[in-house]
Structure formats: structure tokens, C-alpha cells
Amino acid sequence: MRKNTVKQMWAEGKTVVNGWLHIPSSWSAEVMAHQGFDSMTVDMQHGMMSYETAVTMFQAISTTNVMPMARAPWNEPGTIGRLLDAGIMGIICPMVNTRDECEQFVGACRYYPDGYRSAGPTRAKVYAGADYVDHANSEIITMAMIETAQAVENAEEIISVPGLDSIYIGPGDLGITMGIPQGLDNDHPDFIKALEHVVATCKKHGVAAGIHTGSAQYARRASEMGFQFVTLLSDSGMMGAYAKQLVNAFHEGTQTVSGEAY
Amino acid sequence: MRKNTVKQMWAEGKTVVNGWLHIPSSWSAEVMAHQGFDSMTVDMQHGMMSYETAVTMFQAISTTNVMPMARAPWNEPGTIGRLLDAGIMGIICPMVNTRDECEQFVGACRYYPDGYRSAGPTRAKVYAGADYVDHANSEIITMAMIETAQAVENAEEIISVPGLDSIYIGPGDLGITMGIPQGLDNDHPDFIKALEHVVATCKKHGVAAGIHTGSAQYARRASEMGFQFVTLLSDSGMMGAYAKQLVNAFHEGTQTVSGEAY
Amino acid sequence: MRKNTVKQMWAEGKTVVNGWLHIPSSWSAEVMAHQGFDSMTVDMQHGMMSYETAVTMFQAISTTNVMPMARAPWNEPGTIGRLLDAGIMGIICPMVNTRDECEQFVGACRYYPDGYRSAGPTRAKVYAGADYVDHANSEIITMAMIETAQAVENAEEIISVPGLDSIYIGPGDLGITMGIPQGLDNDHPDFIKALEHVVATCKKHGVAAGIHTGSAQYARRASEMGFQFVTLLSDSGMMGAYAKQLVNAFHEGTQTVSGEAY
Amino acid sequence: MRKNTVKQMWAEGKTVVNGWLHIPSSWSAEVMAHQGFDSMTVDMQHGMMSYETAVTMFQAISTTNVMPMARAPWNEPGTIGRLLDAGIMGIICPMVNTRDECEQFVGACRYYPDGYRSAGPTRAKVYAGADYVDHANSEIITMAMIETAQAVENAEEIISVPGLDSIYIGPGDLGITMGIPQGLDNDHPDFIKALEHVVATCKKHGVAAGIHTGSAQYARRASEMGFQFVTLLSDSGMMGAYAKQLVNAFHEGTQTVSGEAY
Amino acid sequence: MRKNTVKQMWAEGKTVVNGWLHIPSSWSAEVMAHQGFDSMTVDMQHGMMSYETAVTMFQAISTTNVMPMARAPWNEPGTIGRLLDAGIMGIICPMVNTRDECEQFVGACRYYPDGYRSAGPTRAKVYAGADYVDHANSEIITMAMIETAQAVENAEEIISVPGLDSIYIGPGDLGITMGIPQGLDNDHPDFIKALEHVVATCKKHGVAAGIHTGSAQYARRASEMGFQFVTLLSDSGMMGAYAKQLVNAFHEGTQTVSGEAY
Amino acid sequence: MRKNTVKQMWAEGKTVVNGWLHIPSSWSAEVMAHQGFDSMTVDMQHGMMSYETAVTMFQAISTTNVMPMARAPWNEPGTIGRLLDAGIMGIICPMVNTRDECEQFVGACRYYPDGYRSAGPTRAKVYAGADYVDHANSEIITMAMIETAQAVENAEEIISVPGLDSIYIGPGDLGITMGIPQGLDNDHPDFIKALEHVVATCKKHGVAAGIHTGSAQYARRASEMGFQFVTLLSDSGMMGAYAKQLVNAFHEGTQTVSGEAY
């Protein structure tokens, strides 16, 4: 079976730089996969795509060596199974607030006896190899989102669930539920303290920590805090931000970097 | 009928800043339409969309006041007619090298007696008004691409075709056919001279001049030369360029502007 | 944030006329949005569209001032969240039979502390405003379907759930579970009595009452009973009914109203 | 090969009632195919669909005995061939103004030696039978649009082209180019005179005459004039017209016919 | 209402040969429906299609007399309801391991009082008849998957659930959970014993037994064991297998059967 | 720029085995690309896909080293340009019957000064390399179809057009126009003689010869005659043929090869 290079980078102590896809298009996915990211996540929760388009996006990512991943819309085994069958190498589950929820999530990702995933890896076998069923339980990354004050409180119970490979901080919801909303790059002391607690708990259990960020600076800061998986914005977020910069630069006469119109 | 604000801006001596869409998605189109552009062009020549998706992109642009436009894949009346019926306010035609080709193009865009466009403005009537057929000949912008050395030579004959509202420089092909390829922002003296010749000819005939650019600086320079319609890169080009900047900034520790993950 | 005009009409004591979409197409959605409806609902339960097409339908509706709404396929937080993120201003949930089910539904629609919706209003922010997260809990309409005999029995408990804005009668299922099936425009005395009971309970709790109808007459009757949200048939239902009328009129020589072929 | 029932109805002196599809959806196509029409035309010229969706619409029509047809976007052999390969039983070509154009059109629809259509009837063989290539030249209907003053003038030359089965009046363009625009149901005496001339010429050459109408009354009048193929509005046109009627009926308290919400 | 020919074949003691669809395309579905199968199942669990494409596949199958069926992604009433509304005549539910799960599944497929399915058979009424709601509870086939060791143990409790018409063996998961994985055509004695036990239990309760197979031989063997519903591979599985055979035959000079390129 | 391995195989005297795609799906395309073919052609002439789906199919093929190719619907520069921009490594043009037509086709595929292709290789640059424009004229294969008696007569004039890399025999049309129709694997002596004439002419001008076949045997025979590019049936053709074999094998008890249900 194809090796999961995200797991390899973690084993080598490296930080994975992850791209994030909201645009329902295999073309934008392919462009993103060529910009230097280590992994690329199709966001089925807040993104605009249906499953069928997500499959074409996984294929587009598979034209490169970037690891295809997805975020499930919810902790629901039917959808999680379909995403895995499409050949992703890691899956992020939103709103995992308790040990029970984490066990339900991990179980949905693992074949018997580690879980209750149903065998039928249609595209996964074509993409990752004919022996997929034999190795999927150890190669496919499970990543539970810790994104509420409650989840931070339950961090140890969640993170210690067998079969959980990693966690992912959702800063928007975490800020809101902590009563200190600041959007993506939250630097409230209590927020930072919560991150440190989660990272420490992860270290203790050999679990990798990930986080969504709104800038290269915050991503770097997170990496320095011990996060080994950092996401930079999203495809449409980057496109919009840069478009606005360029339009303003035209009107104001400021400098921007030249680009190509592919 | 809905007023064409691009024509109004031209009449006021302003420069229109145009966005350019290659991604086949109404979501990316809607995001782009919120970044300050005056018009937005769906590129059916080098873009990745089919007609049906292009229609959803025109709808997405129509949620704002930005003027929807399209580039046709070729000087072919069937496709041109379909794009116009979908409610665009301007159409760009590639590779118009002779007066004959320009007349064929303009004719395809105008109802009798100004041309041979077939009546059936399905979405155009819903978007632009029930009296569309009465005013379309004067409101809809025709824009012929001058993008070969031959077309520059024939500039006067092309630009003087009755019913032609504007021309559009394709710098890639123009550089290639002039033997001085430099991609988008060509500053070869002969190239600049060709641009100046075209702009002067446009002025003489009351026709607006447009150009595709690869940076805000070149767009500004073009505007100062007399171009009244400047395009900045493309959606996927901007997304890719900014993604690469951010990934590099993460690795190198350089500063970037913070953004949002929509 | 964009104001919810449905809520405003309710506050003014008016009845909202709602359109209903089963056809998976942004074109038919846009046509429907131009016919005088106050709101327009994409039916993800019995309609033929996937999420990705539903998004293009919301965009098409957003080219007008008609309020975009959706019916969720089921009381399931993952799908409900995705629909809200796409920028709808109201959501209808089928088969809410108990107070618990109603609380689960309302919670899925509200950010903390009013509920457990996950933050990430991708299109909602673009459509409804950058301050969406701050106002969504009060602007977005929650509408629970009362469509079983059991739900009518539990009406008070359901309707009094905090955060519930309105209820919606599903006449088909309600008739079946009451043992008096009559399809859409049920005039069985027991049925009418049940409607009156629900409307009275709504009045008591300041909750708006809605209903699906099969004719303008029944909609008018419902409005007179106190319903403030009435749906007229559906897009494909209207199209089919009128097509049959016209074909019959051709064969029988009866009169019909002239129309336009857009 | 499957028999073309439109040809059979013509042979029996009957008038074919044709439906017209602008909505890019196999669902609306299937609903329309159940309302009593004899044939159903997917309009690739002014409709909103791409080829791939058109194919699903032909399939939806094929669940009934209604004859699937299409209007090509233009007199262009590549697109005409693709539509025929998808299994339609008749094809309408817009803007046939001269004998040459008619011969080009008919040739694109016929296999050697009657024309230059390329063999590869992918879906046609599955839908219409394994012996499709042997019988297609005689079963598939060619229908040239006469929709300009010039075409009326050239009527005899056009209508007498060998292999042409029928013509189709486009009233919108015909009115415009005759200088008497009245939309669909034009009753200007000169217009009626032109229709009579075309019908008479058709009779002389054993060619069926068709026309697009905006009401059952005009369709009936056309049938009485000798037209054997009458189209009633379009899918989205009917839907929009009836929706407006119902909304108005609600507000004004007028009566309408009850329908079903499928 | 349209008669369910699968039920009729079962009543006559015949074995139904079922096709299986993973390719998200109405074209491949239509081709498959012409090859001699009695029923055709769109696999929403391990297949690559979204709901909207699945609907076009049901339509494609409906151009023939083959019975359209679907496998749901999971035992979830929202998705099951949507599939039924699209007009399928039977539904397969994965991972039914207990009597409770079976009751939940069957209830989702039946209208009151036999279950809790919501009325709104949008396409089902068009495809299967206007009286669909009256007969659906008895015509639509429910088929629970027995595909774990636990389910075999609970076979009697599952199979005896009122309203369950049939069961379906998933050999992949059953082999894995029994600790004897062999893929599709498992001939381990314990596996065969489990099959025999399930078939015997089905017989006892008048329930039909189905199974997924990887070859005509195993299907035949299953039929001889008492299975009355046998699936042969899948669309993409067959295509891939035969393509590999042909490529190898070219290189090795071996013989293959000639075919047609539709 | 990425090397064209089809050209390399030709230079080494090998025969390329080509796959053929009619199903509009990136999933079936990806499966086909894993079965041992050297190149894979998306057929935009007789296949069922629109451009946008074709792009996803090219991406799916690009997950392997198989060379992506396409057949254009017709000798029309707009569509040819779009297909090339999507990153294919070779293009087949139907119905090239004269030297003029061949020059028009080749010109549409080459940048100035070798032709008149417009620069804008959107996906081609991402897939094949940033220096695409510099090398495309020599790496991209042009393949003109010789598929009429007239074309065989004009073989020398067609084949000697500068920039033409190869020709492709369409046996269906060639048989029809020669008056000896036999479908795909035509063994009429006159047909074989025509093939030999074309192959000999190709040899003389250093042009590769290709042909569509219906079996491995005929492909082998063609290879022995000097054809260096042989296509085997099509995706849906193979799927249908094998499905029929399996269904018959079930009913008749004959043996077939076991497969997998991906």
C-alpha cells in the first residue's frame, strides 16, 4: 500500500503544511496541489462541494505526491466511509467533544477488529494499492477536531482513544465557546494556554497536533509551539484576499508581485 | 433594460478593472465578484468550464452589480449567441485578425438589422429586463481581440467596423507572433509601440481599448497609456500565486497579510 | 448583517408567499424568484438536487431580494449546518415529533451558547455580511415541521422550545398519520381542527405558522386561519400542471393565457 | 430500428404537439414527457444546458414513448452529429436562409451516400436499435428553421432540398427581420401571409411545416393553417407563467386549478 | 402502481440476476441495463456518485423494464427516504447487525402505520404511478445486509422483522469479521456454513436471500444454495477486468471475443 | 516539458495500445488508465461527455503515466484549442478528407509560426511543465482521421502535410464510404488493400499509422501490418460486452474469469 508521507513527516519531527479546499472544482484543487503543500484537505463541512466533485478533487490531488485528505461534514459513519473509499489518506472529524464521540469516529475509520468500517475501498484500491484493506488501519490518519471548551476539558480522554492519530484545533469555534472569539489567529492568553494544554496532552500520548491558521506567521508560531500540522487559510480565501490586494494596488499605485494567468 | 455600467465608466473617461475566471465554479465566481472589480469575464477559451457551469457563474456575478462578461472560445456565432442569451453584458472574441472576421463577430452579437443574432434571450430577459431585445444592440459590448502582428497591421480596418465597441490586447499571442514573447507583462519597445498604435487608432474611432495584464503595475501603466479596460491575472492564477507566497513565507519566516478562510 | 425580510413581514402581520423548488437547476430557481414570491425554499428532502446544485440555486435566488430558504432532508446536524453555511435565511426541518427532536434541530442552527452549530459560514458571510456570526442566531429562521398526529399532540411542547421561530405543516404526512389522507388541500373537519389547534398554540408562543398548499384558494384560506407562511405547490408541479392544461386546451380548443418562451 | 412516431403522425395527417425544454435538468424533462406531448425538443440554442446534461434529458424522455428531439445551437456539423449520436429522432437547425445552408445541414444528418455524417451512434444504437445505421437516414427527421425574411423568400429553394423532412418557423426572428416584431404569436397580416406561403410550399414538396407558438389558441390556428408540428411555449416559460398566476390569485382571491407538488 | 418484477420472480421461485453500479454516469447505467440483468442497483455506499447523478441513473434504467434499486450509504432515514422518492423499487441497507437496526431500517422505508417514511414521492409517482403512496409499502423491497459475524448470529432476530422482504450477504465484510477474509467468492467451509444458515433462516420466514458475487460460477453456486438474488461484480469492475484481458490478449496473442465500441 | 511517451514508443518501433473513453466520468477513466494501456483517448465526437467532464478525465488519467489524448468533435479550431489547453498530449481530428482540411487541423494545434493556435495553456502548463509553450509544437501529437474513400484517395496529399505526426483509420465510416460496411474489424480485401496503401504512404513520410479495432486479434493483425497505434473497443463497449458474457454464463453455466468489484 502507498505510504502516508504525512505520517512519515511526523515521525521525522517535521511540520506538515496543509492546504484547504472550499471551491468545488478539480481544477482549483490541482492548482493548489502544485504550490508546495504537503497535504491537501477537501472540506466537506464548510466547503461548497458534493461527494461526487470531492472525488474528482482527490483525483486531481493524486496527480501529485501531495497527500489527499478530507474533513467530514459531521461525526457520521456513512459519510466518513464514503470519503475513505474515495482514496484519502487522512480524515478530519469536526466537533469531537467526548471520548465516546472520539471512539465512534475512530471506529468508523477502521476495519474489524479495530472498528466497524465496511470493506469496499473502490477508488482507494486503485489509488493506494491492491493490498489496501490489509494496511489501511495503520496508514490512514484519523484526526479528531478539538474545537470547544468542553473538548479542551476532555482533552486527555479524547486524545488517549486507541487508534486516534492526531487532533485538529478549530480556532473559530474554540474561541466562541471559550467566550473569546477572535476568528482564526486568536492570541488571547487563555486561548494560547488551551493550545499549550492540548499540545502537551498530544505529546504525552504520541498523537500529532494540528491547527487551522489565517497566516504564515501564526502557522509558524503554532509550529514552534509543537503543532505538526498547520493549515493556511483556504483556496477561495487566498484567491479573494489576493484579488482585493491587486485591485487596491491598481487604484493606489502600490507594488505587488507579478503572476501568471493559468 | 439594465444599464451597462462598463459603457458608462468609459463615457466618464474611467478605467474598468476586470476580473478573469478560469475555475469552473459559481462559488469562486461569487467570491471574485466581491473584491472590487468593475466587470468579471468568464473565459470560455482558455478556462475550464462548460456552458452550463458558465451560466451559474453569470448568476453568481449577478448577485452583485459587477458587469458579467465572457470570452468566446472562437469566432463562431453559435457559441457567441448562447453566451449572450445567458445574460452577459459584453463579449470578447479571440483572434480577430481581419475586417471580415470582425464583421462576422459583430454581426453575431447584434439583432437585425445590425447583425444576424437569433432572438431568444432566455436568461438575458430575466436578468436585464423584458425590453432586452429592443436595447441589446446598443447596451451589449462587443470586444474584438487584437493579438497577432497581423491584427496590429490591420488595426484600422478592424477597429473601424460599425458596431464594434472595443478591442482587447492578448499579450501572450501578440508577443509570440511579433517574435518577442515575454508572457503577460511585455515591455519590449516594439510591443509598447504596437500598443500605442492600437490605442491611438481606438481613440480615433471612439472605441475603447482593453488589455490583459499580469500585475497591478502593468495595469496602471496601461491605464496611463489610454487603456480603459484592464484585466488582472485570473482567479486560479491569483490563488496559486498567493498560496505559493504563503507556503514560502511559512518556511522562510517572512511576513504576509492575514486573511479569512471563506 | 442582511435583514431577514420574512421576519419583518411576520412582525408586520403579513403572510409570506413561499415558492418551492424540486428541480435541480439554478435556471429554474432564478425564474421562480422573479414571479412575486417573498421567499423560496430548496427542498432537499423530496427534491432532486444534491448540495452542490442547491448552492447554485441559493445564488440564483440571491440575484433578487427573495429570501433563500431550504428544507433539510432530515433532523441531522451535519446537513443542516452545510445548508446554513451556504447562506440561507431560514431552514425547515421535517418530522419534528417531540420536544427533544425540536431542541436537537434548533441547537443545530444556533451558535454557542444558543446551540452547537459549528462556525464556518463560508458563503453566508459573502451573501449576508462580514458580521454574520454575530447576528445569525437572531436573523436565521428555524422552522420545525409538524406533520404527524403525534406532533400535533405534542404541539405545545414543540412550539415552546426556545429559539424556534416557526412551524410548518406537512399536510400529506399529517393526513396519513391522522388516518384521513387527502393529499395537499385537506378539508376534513378533524384536519382543520388540528390546524386550528396548532395555529392557536403558535399565537400563544409568538411563533409563526406555515403550511404547504396545493392551490391559491387553500393558501388564502390558511392565511385567513392565521398562517403567516404559505407555500404554493412546487416548480415542477406547476410546470407539469400548466403543460397538461395547455396540451388539453390545444386538443379541446379551450382558452388559456398567452405566455413567453424564456 | 425504433419507428419514428412523429413521421407516422404526419403520414396520418395529424398534428404533432411538441414540448420545448430550456431547463438543464433530466427531472423537468421527465415531468414534461408525462403531460401529453407527442415529441419533446431539447433546445441547445437558447436553452441553458450543455451536451452532457442534454443526454440525460434524452434518457429521461426515453422512459416514455414521446419522441426525443433537439435544436442544434447553429448549423455546425460537429454539434449536430453529437446530438444525433445521443439518440434523438429529429433535429431542428436554426437560421437556414439559403439552399446551400440547407444542404449543409441535411448532409450533416445523413450517412453516406446521402450526406457526410460520421458513423458512431453511441447511444442511438442502444436506444433505437442495433440496426440504427441502416435506417437512420430515413427515420431521423431533419427540420430546417425558416426564420428570416430572406428564408421566406428562398422558401422554395430551401424546402426542395432532398432529404429535408420538415421546416420550423421561428416567429421571433421572422417578425424582427420582416420589420413587424410581435414576439411569439404574431398576427400581423404580412406575417400570416408569409406563413401561408411557407405552408403551401411545404405541401407542394411533401415537407411537414412546424412552428413555435405562445398559446394553445395560436397553436390551434396554426394547425388549422396546415402546420403539422406545433410547439407550446417552453418548460421554464410555462412554470414562470403559472407561478405568477398563482401568486396573483393568492393576493387577489381569484380561482385557479389545484395541482400536485411533485 | 407499477408491479415489482423482482417480487414476482421470487414468487415464481426464480433467481434474480442483479447488476451493480459504481460509475457515476447515466450512460454506463443505461448500457448495463441492456445486458440481460433483471434488476440494477446503484451503490451509494461504495460507489462514486452523489444523489443527483443517482437520479439520472434511475432514469436511465427506467428506459428499460429492469427494476431500479439502490444501496443506501448507511442505515440513515434521511438518505433512505430520498432514494425511495427517486423511484427505486428496492433498497439495500448496509451493516444491519441487530433486530433494532433492522426495525429502524424497515421503518424508514414504510409509510404510516408500517413505518415512519415521509410522504413526498416526487419521481416515484411519475415513474411508478399516481397511486404510489397506496401501494408502496407492499411493492417496494426492503433488503437488509447481513455482513458481520454478529449479524449471522442475530440472523433469526433480524430476518423475522415484519416488513423485511429480503437480506443481502456482503461477503467482504462477512469474511473479515469471521476472521476468514477471501474477498468476494469465499469458499471457506465456515463461510459456506454461515451462508447455509442464513438461507435456511430466510426460507423459514419467507424472506428472499441475496448475495454479492465475483463470478458467474459463484453466482450459480449461490443460486443452487437457495439464493434468489445474485449480483455479478460491478460496472467498473467488469470494465477493468475485460480491458486488462484485451490488453494482455494483444500482447500475448491470445483469443478474445469481438465487441462493439458503443 | 513532459516527454510524450507515445512519440518515444513510435521512435523505438513499438506499437502503442490505446484505450477509448465514451463514459463521461473521471472514475471510469481512472480505472481504464490502470489496465495496461499506453495512451487513453477521450472521444469528444461520439462520447457522451462535455468539455468540463473531459478535463476531469484528463486529470484522472494524469494520476498515471498513461498519455492523455482526445478526439475532437470536428475540425474546428475553437474546440481543438480548448482540448489542448486542458493538457492532452495528442489530438485526433475526424473526417480529414483533403490537404486543406489537414492543414487547417494541424494549424489549429501549433503555435506561431507553425500554426495559429492561441496561447493560454491553462492546465497544460500545470500538467506538462512551465516551458510548455516552447515545446508544445514538437511534443503534442497531431493525428488526422482517414475515414472516407475520398481521404484514402487523397492519402499522399494529406499525410505529407508538414506538422502532421500520424493518421487514424476510422473503420466504420471507411467501410461505409467504400460501399463495404462491416463495422469495426473489416476484412474485406478492398478494405485491407486500402489500409496497406495508407500504411505504406505513412512509412514514406515518417508518419505513424493508427486504427480503431474491435478485438485484440484485429489489433494484433493491424500491428503486424505496420500500424503503430491500435485502439481496443471503448470503455462502455467493453463493460457491456463483458456484462452480457457474465449474465449468459450464469444462465448457461459456462466458465468466466473471476474479477473484483471496484
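Labels A, B, C, D, E and F are assigned to the chains in the order they are written; within every chain, residues are numbered from 1.
Rule of thumb we're sticking to: a residue touches a chain if its C-beta (ideal position, glycine included) is under 8 Å from a C-beta of that chain, and two chains touch if they have at least 3 such contacts.
Quantities reported herein were computed from a predicted structural model and do not represent experimental measurements.
Contacts with chain C and chain F are shared by A, B, D, E. As for how the two copies chain A and chain E face one another, under half of their interface residue numbers coincide. Spacing of chain C relative to chain E, judged by their CA centroids, is 34 angstrom.
Taking the mean of the C-alpha atoms as each chain's centre, chain D and chain E sit 40 Å apart.
Centre-to-centre, using mean CA coordinates, chain B is 52 Å away from chain E.
Within chain A, the positions touching two or more other chains are listed as 22, 24, 27, 31, 34, 48, 50-53, 55, 76, 79, 120-123, 236, 260-262.
Taken as a graph of touching chains, this assembly has some other topology, since it is neither a line, a ring, a star nor fully connected.
The complete set of chain-chain contacts reads A-B, A-C, A-E, A-F, B-C, B-D, B-F, C-D, C-E, D-E, D-F, E-F. Considering their complex, residues 17, 19-20, 22-25, 27-28, 31-32, 34-37, 48, 183-185, 212, 214-220, 223, 230, 232-251, 253-262 of chain B touch chain A. Taken together, the chain A residues at the contact with chain E in this complex read 50-53, 55, 76-79, 81-82, 85-86, 111-112, 116, 118-123, 133.
Interface residues of chain C facing chain E in the complex, by the touch rule stated above, are 22, 24, 45-53, 72-74, 76, 79, 94-95, 147-148, 170, 172-173, 176-177, 181, 236.
Residues of chain E touching chain D in their complex: 26-27, 30-31, 34, 55-56, 59-60, 62-63, 120-123, 125-127, 260-262.
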